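Structures follow.
Next come two complexes built around chain A: one with chain B, the other with chain C.
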Partner chain A sequence: MANETKKTSTPLLDELEKGKWPSFVKEIKKMADKNPRAKDLLGQLEQSYKDKVTHWKHGGLVGVRGYGGGVIGRYSDSPDKFPNVAHFHTIRINQPSGWFYTSKALREICDVWEQHGSGLTNMHGSTGDLVLLGTSTDNLEPIFTKLTNKGWDLGGSGSVLRTPSCCAGPARCEFACYDTLNLTYDLTQAYQDVLHRPQFPYKWKFKMSGCPNDCVASVARADMSIIGIWKDDIQVDQEAVRAYAKSGVDVQSEICDLCPTKCMSWDGKDLKIVNKWCNKCMHCINAMPKALRPGKERGAAILIGAKAPILQGAQMSSVLVPFMKMEPPYKELKDLVEKIWDFWGEYGKNRERIGELIQRVGMGQFLEALEIEPKPQMVANPRTNPFIFYEEYFEEEGEQK
Partner chain B sequence: MADLSGVPMDELQNEIFKMVQEDMGKKQLKAKDITNAMIQKFGEEKCSKESCKEAIRTLIDSGKLVYGYFGGSSSIQVPHKEGAEPDK
Partner chain C sequence: MESVQAEQRRTDIGPPKYDQFLHPVIKKNYGKWKYHEIVKPGVLVHVSDTGDKIYTVRMGSPRLINVDTIRMVCDLADKYCEGYLRFTSRHNVEFLLADQSKIDPLINEIEANGYPVGGTGKSITNIVHTQGWVHCHTPATDASGIVKAVMDELYDYFKTMKLPAKLRIALACCLNMCGAVHCSDIAILGVHRRPPKILPNLNKICEIPTTVAACPTGAIAPAVVDGVQTVEVNEEKCMFCGNCYTMCPAMPLANSLNDGVSIWVGGKVSNARHAPMFSKLAIPYLPNNPPRWPEVVNAVKNIVEVYAKDAKKYERVGEWIERIGWPRFFSMTGIEFTKYHIDDYRFAATTFNTSTHFTL
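And then the complex of A and B:
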């Protein structure tokens, strides 16, 4: 590997070091002093800023033996000019549930990465994985061997189950309605084969959120969002509500008036909630966490079909199962998931996400194939109900004729 | 009476390899495309999704076929030198 000591001139990138915020340029420059890949990365990036065009090429055959995911090929289109980033592949490492690491574990990864890669990482990628940025094809197998020897594994990329990810859940949050960490770990173990060997029409993402605050933004990103929810009444400590009011919270205007379903009233003494109107928006609980808590009968709502705008526009997920108990061994959830995968595998086109397939065939067909009864909670948008079925009406009409 | 004995694994692997080789540069084949083609070729009685899955796995593990990746999507290919890969 070429290792010139001469500093790269980067007048355009230097602009991005100014100001108070941490700068990625500053970090790459620190690494450039000791790693030639980081040095050429700076050079190529400066070139891209000058030319106003990317100099990366993407995709290909790179990977480790037997795995179809976890490595994303990246090549420079100017290898003569920047030989040290001629290959600059990305590696996804399957992160632990909730992104909990010991400092020792992080050092282990960094040691391997400084030896075999650019030394630059991304904590974390939007998939949730721990991302290692920039290595060459001949380093992939040694990196994989060293990481797996220490108990790590690659994450997902391509037409696979992408690395399941979750919020910190009950490990750090009082609102968690189910154990997101355990479910994430369980699904990761149960579906190793589809995580590493592409078998789907396109990508599939699970994201687990412990409560409707949805800290992992599953509703916007996951093909299946598993969002913690409660079935019974919000737990209210009236004394604590009065304490909030006494300390200056205007319960009427800050809590009741901002409730989207107007299910709350405050008479200056007691907060009353019509729980059957509550749509679990979490506003009141977030505003008065010492006074209000999710109910005691907890589980998760299963939503389906979110995606970012890649082939078609962005889509949010919508409710498929309003409430499911979320306890090991998660049989009900796994049965549902596998039924959906079968349907998708059978009818999905190449590069078609499940949300797009549902849009194409219609929610009615999808529910029928899954043998799920339509429910009022399955609304894609407020004040719309696209899942009203008139079949019986038509049958009756046909019979009369 | 229908012959219900399955396609021998070697034969299935050879057919899969042949298909991927013939379609190289023309189609980005996924596991599903290969499975459907094999079931169509041999019939459901002789060839199952599971046997295709096993055959693909063996071919991948042996390095005879590899997974390719582009734009978030995967395909199964015969190993070749990348167009994007620089000369060493």
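And then the complex of A and C:
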């Protein structure tokens, strides 16, 4: 590999070294001094800043032996000018649940990556993976072998189960209504085969949030969003509510009046909640975490079908199972998931997300196929159009067809 | 290249189990957390039923970081956190401390290294973003550059908690929207405006039926030009998704004259008070003006400032706009309302106002 020492001139990118927010240009430049890939990335990026277009080409298929995903193939459209990024593939490493690390583990990844790649990373990609940004095809196998020997594996890309991800959950959040870290680990391990080898019509994402605050934005971007909720009453410490009031919280206007279901009242001494009306929005609990906690009977709501606009328009996930207990070995959840995958495999078209398939066949048909009872929690409102496809009607006795 | 044959090749091992990466205090109090407080901007304390405490110091990061920066972060974790740390869903680094007295020395070292501490509570935290010109083939704009320029301008909002509520910004560099930009308080979205070109060698590198099928609006049809099989694009039907280019490299969409940025507002994902909402169009087009995109920076800053002044406590951007109404949003921000703001795709009619509920 050419190891030129001549500095790349980058008058445009230099402007992005200024200012207070930490600069990605500085990050690239520091590597460019000792890594030819980073140096050519810098040069090509400057070229894009000049031309106002990307200089990457659509990736061909590239990967490690036996895997159908985990590497995003990327090629420069100007390999003559930037030979060290002629290939510049990205490797997705499956992050640990909740993005918890030790310095030792991170250092091991850094050492492999400095030797075999650009030395640049995304911590993290928006799917959740630890992203190693840019290497050549011949380095993929050595990197894979070294990382798996340190206990790491690739994440998903293409028509596979994408790397599941979750919020901080019970590890560091009092609101967690189930163990998001454990469920994420469990599903990731249980479904390694479909994570690494494309067997689906298109991508499938699981995201686990421990409560309706939904810190991993599951409702916006997971095919299956698993959001912790509780069934019984919010736990209230009246003494602590009074302490909040004393410290300046206006419990009436900041808590009760903002409750969307208007189920709270405050008489200056006690906070009363009509729990059967509460829709578990989290506002009061977020605002007074010392005083209020989710109930004790906990589980999760399962929502299905979120996707970005391509192809048929953006969709958020919608309720499929209003409440499910979330305890190992998660059999009820896995049975449901596998049933859905079977249905999707049978009826889904190529590149059709589950949310699009449900739109196409109708939620009613989908529920019937899964043997799930329709429930009012599934809709914002019942239909407003009268175009009902009645499946049954009576016939007169002896009627001629 | 060094040989790795000595090491055995293993597959399908999955990620390492999380419990080996948990700080001992977290392990001991797993699932027992009672409440948390924001000690000051960028610092949280979580208190357990057992009385134990874990402190979190949140550090902003550009997301694209090199191995030496990761090692710097590791050094700090070793010095102050027994080697334990985590990352957040918005690319921040979180240091986990058992010892309260180490917080300020840690913050001093982080800031001396050029990284900010903040992003908690009623602040603007890090911008979730995608690859842009650094690594993707379909972007209409760069990601990291705009994020840097916008965060430079909004830096004080990261370091303080003076907004009515938290404000989440996200950026995606094309309509594929890798990242949940469509449910953000403010979304910055790269847009192509000119339908794809058709290169003369199309029949040599693309399969025509799959290229035709790639288009969600049915804008692509097979065609014969000068006796050669190719495709044609019905430009009126094209909504610039780039899906054809993903399938067929002979249909490039990137265009330096026309590509740019749109701005969307009022989305959210949490259920607090109001149900999750999509972001809605505020500005249909701003030019790509690298390296610092001043038009985009000013547009975002303007929306933030108008919101910060007018919204009530706890109101997210979308809740604020719902209360004041879209006419007021446009008049207060001075943003021009155009025909592009009125939906003309599927289900457009569901976005029309069918009431006399509006301000004049």
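Quick note on the criterion: the second predicted complex is superposed on the first by the 379 of 401 C-alpha atoms of A that agree within 3 Å, B and C clash if a C-alpha of one lies under 4 Å from a C-alpha of the other, contacts with A are read in each partner's own complex, and residues count from 1 in each chain.
As a convention for this text, a contact is a pair of C-beta atoms (placed from the backbone, for glycine too) under 8 Å apart; a residue touches a chain by one contact, two chains touch by 3 or more.
The structure displayed is predicted, hence computed values, not measured ones.
Undergrad: Tell me the contact category for A:87 with respect to chain B and chain C: first, second, both or neither.
TA: Touch partner of A:87: chain B, not chain C.
Undergrad: Of the two partner chains, chain B (first) and chain C (second), which one does A:57 touch, if any: first, second, both, or neither?
TA: both
Undergrad: Kindly classify A:297 by the partners it touches after superposition: chain B alone (first), chain C alone (second), both, or neither?
TA: In the superposed model, A:297 contacts neither chain B nor chain C.
Undergrad: For A:335 in the superposed arrangement: first (chain B), second (chain C), both or neither?
TA: A:335 contacts neither chain B nor chain C.
Undergrad: Name the contact category of A:270: first (chain B only), second (chain C only), both, or neither.
TA: Neither: A:270 stays clear of chain B and chain C.
Undergrad: Just checking: does A:100 make contact with chain B only, chain C only, both, or neither of them? Give me first, second, both or neither.
TA: A:100: touches chain C, not chain B.
Undergrad: Between chain B and chain C, whom does A:66 touch in the aligned arrangement: first, second, both, or neither?
TA: After superposing on A, A:66 lies in contact with both chain B and chain C.
Undergrad: Looking only at contacts as defined up top, I'd like to know whether chain B or chain C touches more of chain A.
TA: Per-residue touch count on chain A favours C.
Undergrad: Find the residues of chain A that appear in the contact set with chain B and again in the contact set with chain C.
TA: Overlap of chain B and chain C footprints on chain A: residues 57-59, 65-67, 72, 310.
Undergrad: Residues of chain A touching chain B in their complex?
TA: Residues of chain A touching chain B: 57-63, 65-69, 71-73, 75-76, 79, 86-87, 137, 157-160, 197-203, 310, 345, 350-351.
Undergrad: With touch defined as at the start, can you tell me which chain B residues reach chain A in the complex?
TA: It comes out as residues 28, 30-33, 53, 57, 60-61, 63, 66-77, 79-80, 82, 84-86.
Undergrad: For the complex, give me every residue of chain C touching chain A.
TA: Answer in residue numbers: 1-2, 4, 7-18, 20-22, 26, 30-31, 33-37, 46, 54, 56, 60-71, 73-75, 77-78, 83-89, 91, 93, 96, 114-116, 128-130, 132-139, 142, 144-145, 148-149, 151-152, 155, 158, 175-180, 182-183, 216, 241, 243, 245-246, 249, 254-256, 259, 269-274, 276, 278, 288, 290-292, 313-314, 345-347.
Undergrad: Could you please specify the touching residues of chain A with respect to chain C in the complex?
TA: 12-13, 15-16, 18-28, 30-31, 38, 41, 45, 48-49, 51-59, 65-67, 72, 74, 88, 90, 94-107, 110, 113-115, 119-124, 126-128, 133-134, 138-139, 141-142, 144-146, 148-149, 151-153, 165, 167-168, 170-174, 176, 179, 181-182, 185, 188-189, 192-193, 196, 212-221, 254, 258-260, 279-283, 286-287, 289-290, 293, 308-314, 316
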